[in-house]
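In the two complexes that follow, chain A is the common piece, with chain B as its partner first and chain C second.
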Partner chain A sequence: MNKKAPKKSLTSTDYFIEVRHLTKKFGAFTALDNVNIGVKPGEFVSILGPSGCGKTTLLRVIAGLEQQNSGSVWIQGNDVSREPVANRQLGIVFQSYALFPNINIINNVQYGLRQMTAPARRERAQEMLELVGLSDQADKYPAQLSGGQQQRVALARALAPNPSLLLLDEPLSALDARVRARLRGEIRSIQEKLGVTTIMVTHDQEEALTMADRIVVMDQGQLMQFADPQQLYGAPANTFVAGFIGTMNFLPDCRHQDTTTVRFLDYSLESRPPEGFSAPEQITTLAIRPEHVRIADDQDRSSNILRARIEQIEFRGSVSRVMVRVLHLAGHPSAHQIEIDLQPKAVDQLQLDARHDLDIYLPPKHVLAFSDSLSLGAGQSHAA
Partner chain B sequence: MDVRSFPSFNVPKRVNIHVNSYRKDWHWRLLTILILGTIGAGLWVATSKVNYAWRWNRVPQYFVYHHEFVKRAHYDSRVIEIEAIGDSTTVTIRNQFDEVESFVIDSDTLKVFPDENIFAGDLIGSTFKWEIGPLLYGLGVTLWISAISSIIGLIIGLITGLCRLAKNVTLRQLSIIYIEIIRGTPLLVQIFIVYFFFGTVLNIDRMAAGIAALSIFAGAYVAEIIRAGIQSIPKGQMEAARSLGMNTPQAMVHIILPQAFKRTLPPLAGQFISLIKDSSLVSVIAITDLTKAGREVITSTFATFEIWFVVAFLYLTLTSVLSQVIAWVERRLAVSD
Partner chain C sequence: MKPLFVEPAPRQRPGLQGWIRRLLILLACLWLAVGVLLPLAEVFEKATTLEVQVAIDEPTEEQKTLDPFRGEIRVAGYSILLMEEAGQGVLYLNNRRIDPVDVSDDHLQVRISDTRFEQVVITSAIPPGQTERMPIKPVKIERHSGGYWLIDSHPFPLGDAVRTVTRFIGLANFMYYFGIHDLTQKQFVGAFFLILLAGFLLVRMLIDFVREKPATLRTWYLPAAVMLLLAAQIAASGQLIYHHSGQTNLAQSTWNSLLVAFTTTLVAVVLAFIYAYGLTRTRMVGKMLFRVIAMLPLFAPTMLYGLSLVYLFGNQGLVTTGFFGKVSWLAWDINLYGFTGIVLAEIAFTFPPAMMILSVALAHTDARLYEASSSLGAGRIRTFFMVTLPGVKYGLLSAIFVCFTLSFTDFGAPKIVGGHFNVLAVDIYKQVVGQQNFGLGATVSLILLAPTLLAFVADRIVQRRSHAALTARSVPLTPGSLPWRDRLYTVLCGLIAAAILAILFTAGIGSFVKIWPYGFSHPEIYPELWTLSHYRFEGVGGGGFKAFLTSLRMAGYTALFGTIITFISAYLIEKTRDAQKLRQSAYLLSIVPLALPGLVIGIAYVFFFNKPTFSLPFIDLQIANPFTFIYGTMAILVLSNIVHFYTVSFLTATTALRQLDKEFEIVSESLAVPFYRTFFRVTVPVCFPAIVEIAAYYFVSAMATVSAVIFLYNSHLPLASVAVVNMDDAGDTAAAAAMCMLIVAVNILVRLGAEGVCWLFAGKTRQWRQK
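And then the complex of A and B:
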């Protein structure tokens, strides 16, 4: 989060791994644009973003598989920017697993242990296979294992040389949903057991939110926000993060009205005191999560109430999502829609159906305020 | 391969989709036989029109033949002893200088009697030995030239293929120039140049020149096959090996090349089969390979048709055996798939 009071001032050596002012260009395309990140020892950090945002490039530069144009990579206080991958003591799990198809599982796992004696290597490899629950598959070849098993072999192989840093490149993206859910927990528990600092690239926000201690959100080569999952969800630094994580209703084209309220259409709305920028004059966009919008009842004050018309009700099991169109005060429809999550029971009780007009209440403490300039200023957030 | 001896190997089931179709499409198979039969009959009618006398019986002697070694008396002599032991007989004679000579001959060829006086040059008997004929000898030469050229060509191709992918510009350019020159000129011309130019300048014999020309020729094609094979291995394999502490050459030798070899086996097999056939061109620099041996046999038998058919059949046998061997190696390597 921006400008949050620092709990403890971390110097660069307190970070296990740090990247400073990293820029990487592929021809005219900028894959990484002045990225700064610091990861603490033992932390599980996830790099999250849409396709082509530079997240895999960031991982590959940290690994040394790609050479940055400028900036530096520090591991345990040492500048490793020019070191080849073999010297960085990393374990990498590739998206495609990259198991060696011509050698069997046990030899795959002990491949990185060539400095040890043969019996010690075998023992260590067996130990790693037991850790991932595959000790009975040691003599098979990679092609004879399922995707989930191959994934675990890749993890065992990466962890066998006892690396100081584990890098996971979309490790679960090739697996089906159930295997993925199970492996999430397994990878996290192994990581915690070994205490190895881990960086995982993913495009799946659920994966990032459930596994990581902290999440780096990237877009178009830039760092959008670096925070823990709760902060990302509850206090996104900009409209990109707000829209990327979970579902968010945006109320764009707001105008400043006075110190506490902004104008949206012909309504006057109050928001949570904006963080990251002090002047409410800059507010251009308000946002609120579907679960925070309420159907207004008689006790609600007149402020932060919008007139709306139900367009559609979707039953989604534990919640029902009600799509409403915001109406102008005069009663004609506007261009803006809002999604509301309600208990299915409440939908029944209120006897809501399509074409039904109602008042909705946006509690001020849940209304987030953003300014356009924000999305570029998020790069410093890791310094908090 | 006995699957049971490798219990953990899950050898992929080879599903033969033709098994059940034999009964269904028998008429098409019959048609194939009919077409081949018609072609054969047509050729037979055509050859009978040209009044060609087929003499297949003359062919076998050019594979192996019973060579007769005739034993004659060197001087005027007297036979003093004839001792038969099984099929062979020892004839002992005393010549005009009072020296004793012995001849070992096959018993049924004995032409002298005990105490007979014989003159210089008289026949005593003969022995027979199986000798390989020119066709078998030529086959051996073709096999030898092809094998040596394949091995050298593979080494040249491997080195050139790796240079083709090297970071160094000079290595890359040199390998491209080599490949383009060899692929852009006819093998026959290359053989002449290697034999007449390099053979003269460097003073190498025709066999070495022939093998060199074939190796250099095969190397250029093998290089391109190896390059494509290496490039077909996913980039992640090299990165994974390097992230586990290997340097690039180690990763190349232990991880990339074994996989690339498996993938390039079918095109390499095709290349080596081509090489066996192309080796027939070295007959132009008077190396007695199968083709030249065939030509030589024709000059002494005039059995032109028969010999060329036989030569073709021998080449076909060599190439079929090679492709069967490669197919077997492929199946062995398929275990990890």
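And then the complex of A and C:
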């Protein structure tokens, strides 16, 4: 019914899909707070965050299933904010598969191909089933397939009308761990083969890190960082991302002495230069990954050495995680703990055990400085 | 980064399909408004207004030359006659000559000029069925200089002999009903609301006082003083009303109905609990059979229980006469007609729904709670009170509300076995059908509606809290073997089941007996005992087979249209994403019919679909009622049945739809498939068993119901259930019982048919249903 062409973007971008200043409120609750994202053609972007962070809402607004309070959604340079779902040319795959139980597999896949002739429809559906490796299951019903197979049928159905955008809402969460790991690779390779721009919502960071080209990290409705996996891990933009992706040790309540020298307890530590300006005496949070902390040897006698006491050693297969408590220079324990990942061999060699005091070395190039204070979410992620 | 001025995003276009959906939901709202709200509003209006008849009779010039008659105006029970005697106008008021000079009294003012009426103003009227005049807003009848008449400044159409004007009389009918006299309406309403307000505040304060005792102990005298004042206020207002109220025969029905409802609820819920407990928590034998027997009363009109009771305990009953004198020492007269009979019939009527609710509640329990209870050393009785009862409390409350509502509003059973024991439901019928007193009929309907609405609201509040009692991790309870308990429950349930069968089928046996009871007691005089002649319905009123066929037709239409409307409405309300306000209103409207007794629906339809014009509020404009054409047709019968049984069907459909993946609609939307295609290809096939269930429910209920249709049937459209009432009224008990049996038989057949269809469907679709 909409014959009028959607209005063209004034600033031409090379983004395939773009959301600008997106805000969505549910009553007093702000699900999305001024979110801006641009996705390039053919890119696989994952939206990652703890539950309730607004990631599913973002996907639903992009799909047109929720109406934003302000901001706009642009697809291929056209503002589609007013377009209903059906006009946005997208395929959606849900966690629940949402396969029609009373329709067999092949008809499920060709459900959205109404414009074609019957033989063409069937051919296309068969093609899609071959793509997901289920061409021999065409005449079965959804209930007769396993969860992983059903999810692949759902993917085939979403891709059959050749959508320009594929939206995946926690597609693997209902599956068991082994099927999930295999499907990750399959989905990614199908996506690459077809070159369809894809946005996937997930709460599983491993899933996001292994599948996505770039990852949107969200917390409490706000965009925390949008970057590729390496950057997220190596150069997190804030304490939330630092704590959410992988494991991170935080040294809170530090004070800057100059740009790279920071005072922590009665120690003076060197850090990587922080982004943005940092004035002397400004409060800062230092962070370092467990695998970057070293047991100090004689060469490291210069700086960035902390006195610590071992509290617990956990054997984790390929690594051992040593939990130490930082001691004041005078030798009494502080409130801060640091986790160190060591090779089990090294633990044996050094004959480490609990109650043992030692010096640890924090290499300056791995010490990150954040000007924001430690957020609650970052602390929680240690458990994950 | 953040823009300073945030422009709200433009609304998403709903698209053509979005508009179609909205339009359909709006239609669902509209038909419910026409089918429920407007008729109900009409009942309120009828209860609070008085109709004043005005008739004007004027002789023509030709007639004037023949006799001295110069005109008559009849208004509100007065007849004012103007005669010409010796060139002078002479007035007669109700055939008594009065002086034209001092004709004005408190209620009436008449002005004449020469030999013409100029103006008549009346300021009081007598409501129908009452004896005292009550003040009303003056009705002014005046002669316009143009030569025609004005009533309340509206021209009175020539040739229109009688005109009805309505006057608001507020609570006058209610006060008359409860015998409240010498108290103005303002005083009464004021006192009444003061009692409510003070009572509410007092209860709230008491709760706070008991709960937060330590915190407020230091200033206990302040709340105590306030509570004392509130109590004094309640006492004073209560005394005012009590002082001015007198015992009336009318109000007795209200107390009778309440007494019947409370007694029935108590007995039926206890029996239903025992039965449901036996079915779910013991290992008694024959559970399937017991389940079927308990459901049987659902297929019968409530008159059937009354008729069976008459055959058992009536004056010529099996038990009353001691098996027709054969075992005379067993003869036992329970004084059936009246309270006893009504309560017995209502117990049979309310037992199945109570039993269903309770067995669902008892089946949905978590075995882990019982393991915990016994591991903590709690005994059988303690476990019952600490675990079992709290676990089913929402089901129990629901069962109580259902029993109360059903027995409070039932018409069929009291009509048959009520005797001189008046209840509200029968009173409404008598007022409307017998005495044509619509104002009082409407008033009694509202009195009937009040406790029902209260129970309905209370039930909604209770059910809202009942969520999440059972989690996905709950372990179902499988009763262990306990021989003495299993045997005890087999006996108890067996007795209840026997009673149900007796109350269902005694009338059935009676319908085959040629002359009850003499065929049994005096076989020498009446050798032929058994006969099918009562099933020929010859020489009896009510319409016989034609009535039965009309009922079948009505039930068929109700099932067909009811199911379509219900399922589509439920689908649109449940599965539409936007238009939230519209959907909420539609949902609310869909729930309301549950609170309406059939009699109230019937009387509301009589008022609404008979009303020739609506007067729009605030502006003085009359528009013709576009719905009157369905009055007296099959359509109004079907509509009343659909409304009457709408909510239960709607909730069945909603439950079935909620079990469907809510993403089906989104997926088809993203695939650009129109919603109606998915509706027909996916939603309807997957919900098919629920749809059959709804259709069967509509059919069975429409066959058995009498309460709504008894006001709406006519001689062209006689109905089986109404025929039962009429035949029983005429003393043709056996024919009435025969008609009941036909209804039961066809209902059981329809139910079996529905089961068969579902069974076939399950067989055909086994492939996609398997897990």
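FYI, the second predicted complex is superposed on the first by the 351 of 384 C-alpha atoms of A that agree within 3 Å, B and C clash if a C-alpha of one lies under 4 Å from a C-alpha of the other, contacts with A are read in each partner's own complex, and residues count from 1 in each chain.
In the analysis below, a contact is a pair of C-beta atoms (placed from the backbone, for glycine too) under 8 Å apart; a residue touches a chain by one contact, two chains touch by 3 or more.
Quantities reported herein were computed from a predicted structural model and do not represent experimental measurements.
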item	value
Joint occupancy of chain A by chain B and chain C, clash or fit	clash
Chain B versus chain C as contact partner of A:34, first or second or both or neither	second
Partner chain in contact with A:102 - chain B first, chain C second, else both or neither	both
Partner chain in contact with A:65 - chain B first, chain C second, else both or neither	both
Chain touching more of chain A, residue-wise (chain B, chain C)	C
Contacts of A:141 with chain B and chain C, given as first, second, both or neither	both
Partner chain in contact with A:85 - chain B first, chain C second, else both or neither	both
Partner chain in contact with A:21 - chain B first, chain C second, else both or neither	second
Colliding region between chain B and chain C, picked from 24-32, 330-338 or 456-464 after the shared-chain fit	24-32
Those residues of chain A which chain B touches in one complex and chain C touches in the other	63, 65, 84-86, 90-92, 94, 96, 98, 100-104, 111-112, 114, 141-144, 157-158, 161
Partner chain C, residues of chain A touching it in the complex	1-2, 21, 23, 34, 36, 63-65, 67-72, 81-88, 90-92, 94, 96, 98, 100-104, 111-112, 114, 141-144, 157-158, 161, 163
Chain A - residues contacting chain B, complex	63, 65, 84-86, 90-92, 94-96, 98-104, 111-112, 114, 139-144, 157-158, 161
Residues of chain C touching chain A in the complex	1-3, 6-18, 577-578, 661, 663-664, 666-673, 678, 681-682, 685-686, 765, 767-771
Residues of chain B that touch chain A when the two form their complex	8-10, 234, 236-237, 239-247, 255, 258-259, 262, 335-337
